[in-house]
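Presented sequentially are two complexes of chain A, the first with chain B as partner and the second with chain C.
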Partner chain A sequence: MTIILPILILTPLIGGFLLLMFAQRAEDSFRNFGIAAGGMTFLFSLMLALWISGQQPSADSVGSVVPSIEYKAEWLSIAPPYGDESGSRWYFVLGCDGIGNLMVLLTTIVTLAVLIFSTLTVKTKNINYAGWLLLAEAGLLSVFLAMDVVTFYIGFELTLIPLFVLIAGWGNSSALMAGRRFVLFTLAGSIPMIVAIIGLVAFYSNESGATISIPQLSVRAFDSAKSGLMAQQGWIFWMMVFGLGIKTAVLPLHSWLPTTYSASHPTTTALMAGVVLKLGLFGFIRIVIPLLPGASVTFGPYVLGTLGVVAITYGALNALAQTDLRLLLAYSSLSHVGFITLGLFSLNQEGLGGAALQMFNHGITTAAMFLLIDSLIMRRGTHCLTTGSHGLGSVFPRLSLFFFFFVAAGAGVPGLNNFVGEVLTLSGMVLRHPVHAVAGTLGVVLGAWYAFRLLQKLFMGPYERSKIHGESVAYDVGMRETAVFSALAFICIFIGVVPQRVLDTIRPDARRIAIVCFTAMKSLPETADIEKLSSVSLSDIELP
Partner chain B sequence: MDLSVPSVLLDLKIVAAGSTLMIAGCLVLLGGIFDTSRDDNASQSRSSTFWAVCSLIAIGIAAAYGFGAPGSDEIQSQRLFRSDIISRSSQFLALLGGAITILLGFHSVPKRFVSEYYGCLLLLLSGMVFVGASNDLAAMVLALELVSIPTTVILAMTRADQRGSEATLKYFTLSAFASAIFLLGISYLYGLAGTTEIPKIIMLLSEQPSILLKLAIGLVLSGMCFRVAAVPFHFYAPDVFEGTSATAASLLSVAPKVAGFLVLARFLSGSLLNAEIVNVIVPVLIGLAVVTMTIGNVLALVQDSVRRMLAYSSIAHSGYLLLALAAIVSNGSSADTLFKYLAAYTAMTLGVFAGLAALFDQTKVLKRDDLLGYGYRHPFVAACMLVCFLSLIGIPLTAGFWAKFQVIVTTLDSSRPELRWCAIIMGFNSALAAIYYLDTVVKLFVKPSHAVKTAAEPARNPAAAACAICAAVTIVWFLVPSWL
Partner chain C sequence: MSPTQLWLIPLAPLVAMIICAIGSIMGLFKHRAHIPCWIALAISAILSVWALWTTDFASGVLVVEGYTWLSLGRIQVRTAMQLDVLSLFQLTVVTVVSLLVAIYSQAYMKNDPGYARYFAIFSGFVFSMTMLVLASNLLVMYVFWEGVGLCSYLLVGYWLQRPSAAKAATKAFMVNRVADCAFLSGILVLTYAVGLVINTETSPTERLNFAVIFDLAPVIAANYPGLLGFVAVCLLIGAIGKSAQFPLHVWLPDAMEGPTPASALIHAATMVTAGVFLLARMSPLLELTPNVLVMAAWIGGITAFLAAAIALFQDDLKRVLAYSTVSQLGFMFMAIGAGGGRGLISIAVLAGMFHLCTHAFFKALLFLGAGNVMHAMGDVIDMRSFSGLRKVLPKTYFLFGLGALALAGIPPLAGFWSKDGILAILFEASKDLDHGTSFKALFGVALVTAFMTAVYTFRAFFRTFHGPLRLPHEAGDHPHEANWVQLSPMIVLAVGSMVAGVALGPTGLLNNLFEYVPHIPKLSEHHGHEGIWLAAVSSLVSISGVAVAWVTTLRRPEEAAHPSRNPLVVAGANRFYIDEVYDLFLVRPIQAFADLVGVFDSGFVGMFWKRLLSTIFSTGELFRRMQTGLLPHYAIALAVGSLLIIAVVVLS
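For the complex of A and B:
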């Protein structure tokens, strides 16, 4: 079964290379090849998910990151040019736990949806688009499946190249500048991040040598949290937060996001907002919090929590003021990501689990929204909220139904996916920081405001044909679009109605990370009132 | 120093690769006398191919001798030359860089000086090998001159117009100046130690330093800072890079830098330096490193000319190397990191130069916008250049990643807290460097707004091959770092 992990990465990788190498000459016969490769990857990830959900992770490991499935490629190893040759070989190790699995599913689902969609709306060099998209998927999956810091970093960097091509190659006239901005912003964070990663490995190297494996590092982090040896973590923490924060668009580092989202092709934006934005958040939950618990506990709730609150409000208010649909969604993403950051840095089981679930939910909903925008632009001819046609509900009933559905999902209507995640996240926040929780709730309200305003302007009321931009396509959503949106809607309903299936897979991981944070908090002298800060559900945890 | 014939012969055996290159260089220079084709246009290209192949064969033989010879790490204190990690690295760098440079400059060899050009190139390479292997001050000084004099000649030969002459003169004057400073420092060292044997001088460095010794170290460091184009001595680099031919510029970006770091590593690495010397020299090196990398990167950012940009980029890389050296001195470790970085740097920089040489005319002042659209005309060369540029940025899947990685590891290994901040500064500097590298390489793949009127020239094959070799080497070194 473990072989499925490399297969998951190799399928899109090989598919992408085949498309880019050979498909130029025979475009017609390769028309649906990309969808086939993406579909296969999705099926593999589904198999992985089903397998993991039936798996009980071993209880004997005390670290905070315990993969339920691990694949170690003995045949593929690199001796990094440091230390002794034997001890520190870098094996290509892949692994997956509940949270990673959720992200893998998100990646494969969104990529498949985008692949199907791109056959409709990407007009030029469709095959190349699919090829680069598959390469990007391979890069993203290698980050989510990474079980050592070097693989994580390499995947993190390599994703940039296909993404740059996707943004710059298929966007509007300013896409090249936007792509440049995105890549340079990310590099500005991620190249210094390698210093932090090396510092992290050096920090946790002991008499049995250095290790780059995340599970082993997490065990050492737990030991250091128990003994309170957490000084000197600060600079590593801040360097990591800087690098991951740029990718996550944590507030003062967010300015690449609106330009990139509005300049690239909407299908690309769906991938960017749905999955790529989660890379940084995933880095927080996989590396920063489990491996640097001391610094996370000291700085996280206050600094990053506050930044999250600012992002929630700032993003929502900006979204309210936008007339460009894509910018509106970009700022709404900013707001949602602030919400997730807040959940992550409540550092208890509810907050972490809720944030992980919310990463998935936001990915699905936002990707669907951007794809809907793509459908809408195809029909309406413009992305401007005010100058285009209004009252489209009577003209495109199915499109407006899907719009209504995903807006409702994004706004957190009970019975749909975001509701579950938001409730969990908010309950985590209330325990940690009630003031932040109030702001988080405010974000939810503002989110509903701009979302329903969008709905009202576009679909409600009598039909008014725009004088400037006429409709370019007169028919309602076609079969492929309906299939994509229905599938995504099904996922939203599934998680909304039976969240337990999903929550069961991420609970053990969230719990382990929460235990480490709890331990770190106890050994820090300055946080005296642990009882107040610790979550209710943690009280039944017997600390090892 | 034993200068009897058998002893010198034994010395030459230790540096078999260098001796082979020197003999081959002399033979090529002499052979040029009998080359009658220099005034005959028809046979010129044949003769240039002949000498190029001869030089490549010489490099091959030197490699066979050099890597076949058994290496021994024991200090042969009576010898002129020694064989250790530094000398083996110098051999490797010289042979690699030499082979690539010959391919790179093949089509632009000055027609009237074919054999002279290759002869000087081979002598220069032998000089690089000798610098690394030298175990004696006299040998080291001579070897350094063996690098710098042929460099000047090549500068003068490959571009004979006004700009070329200016560049040559500038380089020659400043190089002589730097040599003089270095010699002054060396003479103090000799005076203090009473011998020219380097192992004894290194022993001197482990004792309580006198003020004269500090002065001597400072002078040696200044002399070498010129060679590696570190900041207070960097200003010649952009002018010379832009003024001279592309081949000479590529040579300048590698040969003097390698020679300079070989000398510095010989004196400062792996030895038990006195704590007081360490405490003086490490802050100096750190300061030089930080200033060099920052100024190099910031100035590279604002350059429009590709070659000036590469000059400042080479200055910035000197900064990273100086940081590695500071960490090595502070840790008292071996200079391994330095040479691995230099090897990766040689491959990626020469790859970029080779790509430019394959696509563009040698003497042209190349602006960034001139690169527009070339990726569609010559996709293969452009792809190889992309790999080299990504390596210069330090993106994974290229050797540049491990090179930077290792410098950071070495830096963070140190017990000095200020070195940690330097690692962070280096991280941000690399991010800054990404801006100009990326902007340049992306130009290759952007369609120009106006149609380019001139017909696409065919890529020059030897240079394209050099570029491909560099790209391949860059990727292979990522996968098998132990070959670095």
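For the complex of A and C:
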């Protein structure tokens, strides 16, 4: 079964290469090849998910990252560059736990949706688009499946190339500039990140040698948390936060996000907002918090938690000021990421689990929103909120219904997915710092404001046909669009109504990370959390 | 009753919603969408009456388990139904009125293109409302609290091509969201507060279950009174939003843009009473924060008076009824707020719930009557353009009149009994040592408002149905009386409006029911010698109100017809400019601030990074210039460099 992990990465990789190399010669026969490759990847990820949900990781593992399935490439190893006399080697390791599995599913679902959609709306070089999209998927999956820090870093950087091509090649006139900005920003983050990774490996090297394996590192992190030897983690933590923060668009490093989102083709943006934005967040939950628990408990709740609260309000206020639909959504993503940050750095089981779930939720909802915008532009000609046709509700009832549905999901209407994530992240934070959580609820109001105003402007009121009609499509959503949106809507409802099915798969992971953080907190008396500790006993965390 | 039967109460409307929604999307069964809705609501109504009848409340609270919705660490939420007298009583009111309004809707919405959509949202609303009422957990209650808000949004904006409907729907949702945000904060802080005092070894882990909250509330009150006060205020704000109390009442009158039956059900009889229900449900917690209850009473008093004053000056029949709803909800808030007096909480809840029940009947009746008028007048509802309708709508005239009498509080109709109950509890509370003065003042406010209620109700009644027959031209030549599908549910409601008060109040039926409300001390006897004179005063006030309405409207009709220049009247007609104040001092500043933040982000933050990047580029450009590619330049540089190095070496 472990062979499914490399297959999961190789399928889109090979599919993408095939498309880019051979497709120009026989375009017609390759028309749906991309969808087939994406579909296969999705099926593999579904198999993985089903397999993992029935799997219990071994109880004797003590680290905070414990993959329930692991693939160790015996044929691909390097000798450690320093500090090792025992002759052990560093292996290229893939693995998957509940949280990683959720991200893998998100990637394959969103990519498949984008692939299907791109056959409708990407007019030029459709086949190449699909090829690059599959390559990007391979890069993303390798990050989410990485179980050693080197693979993680390589995957993190590899996604950049296909993404740049997708942004610059199929966007509007300013897409090249935007793509360049995106790459420059991300590269600026990569340098501190590689330094931080080297620092991390060196920090945890002991008499039995240095290791790059994340599970092993997490065991050592747990030991250091128990003994309280964490004073030197600060600089590693901050460099890591800087590198990941750029990709996550943590304030004030978010400037690439609005320009890139509005300049790329909406299908590209769907992938960017849906999945790529989660790379950095995933880095927090996979590397920063489990491997640097001391620094996380010292700085996390206060500094990054506060940044999260600010991002919630700042993003929502910015969204309120936009007249461009894509910019509005870009800033709303910023706001939603604030909720996820809040959950992550509450550093308890509720917040971490909620953040992981919310990463998935936000990915699905936002990807759907950008695809909807694509559908809307097809019919409306413009993405501007103030000009262009209004009152589309009576003309395109089904499109309006989908729009309403996903706007409601994004605004956190109960019964749909985002509400569950928001409640859990806020609950996590309230058990850490009540004031932060209460301030975070402000985003609930502002988020609804721009969302429902958008609905009112676009879909309600009498139909007014504007003169701007780039490529007006007169019919309501077609078969492919309906299929994509219905499938995504089903996921939203499923998670909204029975979130426990998903939470059960990520709960053990969230719990392990929470225990590490709790241990670190106990051995750091200066964190001033002593008062809180009385209310957060270990028995609370170790609930079944 | 078996759990399966009980679960049918909320789930039958859910199934109806799904069927109607599919029908609406697929364009199936265009004119038969009411059938699944009717069947489902009939099942719910019958089962809930049966449940109220057969449940033995003395044996404690019955909780019917559902499934685990959330379970992560300390957050454990199960969907379960809590069947106690409070929830079953409210449930019965909700399902019975819903069924009647659903029957009425069939005729009212008959030729509407969105027929199936209407019944889908209608069923969805009933599902959410029943779950809200039955929830055994505060978070589950919040879920459906938002759910009913969403259905309300969809029904207010039902005719989405109308700009006014679009605006009203967004406004309703937003105002409710503001309140819900406070409610959510309250829930979150309560989670935290419970965590501070809970003993995880002995207590159950579902922290937001009502049973757990009420068990621990006294401990929280003893150790962290500030936290509990914060929670109580948050819950109160949530209730204020949903029940359209001052200062968040502005959405309800605009919500009349929706179809009239929806207004009758959601914005008069059921959903807007959810705030009152929340206060009643949380009364064991609120009892520990009497100041918050006094605050609730004051908000209720202010709202009741203000809304009644506005209702006096409105020309739109539906808006008069809407403001009247706001005002009556204010009465209910006053009633529950009277629980701030020591030892009065149980009877205060009783008084509030009693008025909630009778109000549901007569207000739904009045709205459906207004719907008949609208239908006959070709969707015109402005009382300036018609009068004397008793000749063309005799049955509606009679039924509407009964509702108006009940609302005005004329004995022995329902409104009289429940309003008398509220006056009695306020009078009782005014003897309280700590807050007696407040309640004395509120007793006066309630009396004055009761008088105003009678005046505006009968002004509207006389203006619509009496006087010379005038019809707007939209009505056509032959305005028609409603058919029997519309009239029969109204007759049931009219019977309810007549007998609900007598049947529940003086007979002690309600008292007996509520004796088993958990966590509330037993009802004490409050029917002393004051009862008689209070009843006399309250009926005198109501009758004189009707008389004043008669004099001002019918004896001097010219005054009613011509717009007054009296500043008070103008201000009243303009709803005391509260909407404008919000727009000017809240909406616009926030929007302006958002625009400012937008400029800051794209201008300042964006420009900072742009400058940084261009600085890096230009620095690179500087070094690039040196790479000219010309051999002589490199040779010279080489020579100069070598010379410099030699010089340094030699000289040092």
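In the analysis below, the second predicted complex is superposed on the first by the 510 of 544 C-alpha atoms of A that agree within 3 Å, B and C clash if a C-alpha of one lies under 4 Å from a C-alpha of the other, contacts with A are read in each partner's own complex, and residues count from 1 in each chain.
To be clear about the criterion, a contact is a pair of C-beta atoms (placed from the backbone, for glycine too) under 8 Å apart; a residue touches a chain by one contact, two chains touch by 3 or more.
Given the structure is predicted, the values throughout are model-derived calculations rather than measurements.
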Chain A as common anchor, with chain B and chain C clashing or fitting: clash
Chain B versus chain C, judged by how many residues of chain A each one touches: C
Touched partner set for A:S427, first chain B, second chain C, both or neither: second
First, second, both or neither for A:M378, with chain B first and chain C second: neither
Which superposed partner A:L184 touches (first chain B, second chain C, both, neither): both
First (chain B), second (chain C), both or neither touched by A:G391: second
First, second, both or neither for A:A510, with chain B first and chain C second: second
Partner chain(s) touched by A:I78 [first = chain B, second = chain C, both, neither]: first
Which of chain B and chain C A:I198 touches, first, second, both or neither: first
Identified clashing stretch of chain B versus chain C [168-176, 204-212, 348-356 or 420-428]: 168-176
Chain B and chain C footprints on chain A, overlapping residues: 184
Contacting residues of chain A [partner chain B, same complex]: 78-82, 85, 153-154, 157-158, 160-161, 168, 176, 180, 183-184, 187-189, 191-195, 198-199, 202, 235, 239
Of all residues in chain B, those that touch chain A in their complex: 337, 340, 390, 393-397, 402, 404-406, 408-410, 412-413, 420, 423-424, 426-428, 430-432, 434-435, 438-439, 442, 446, 478-482, 484
Chain A residues touching chain C - in the complex, by the definition given at the top: 181, 184-185, 252, 254-256, 258-259, 314, 317-318, 320-322, 331, 348-350, 353-354, 391, 393-394, 398, 401, 408, 413-415, 419-420, 423-424, 426-427, 430-431, 434, 437-438, 441-442, 444-445, 448-449, 452-453, 455-456, 459-463, 498-500, 503, 507, 510-511, 514, 535-537, 539-541, 543
Contacting residues of chain C [partner chain A, same complex]: 25, 67-75, 139, 142-144, 146-147, 150, 153, 157, 160-163, 165-167, 169-170, 173-174, 177-178, 180-181, 184-185, 188-189, 191-192, 195-196, 200-201, 205, 590-591, 593-599, 601-602, 605-606, 608-610, 613
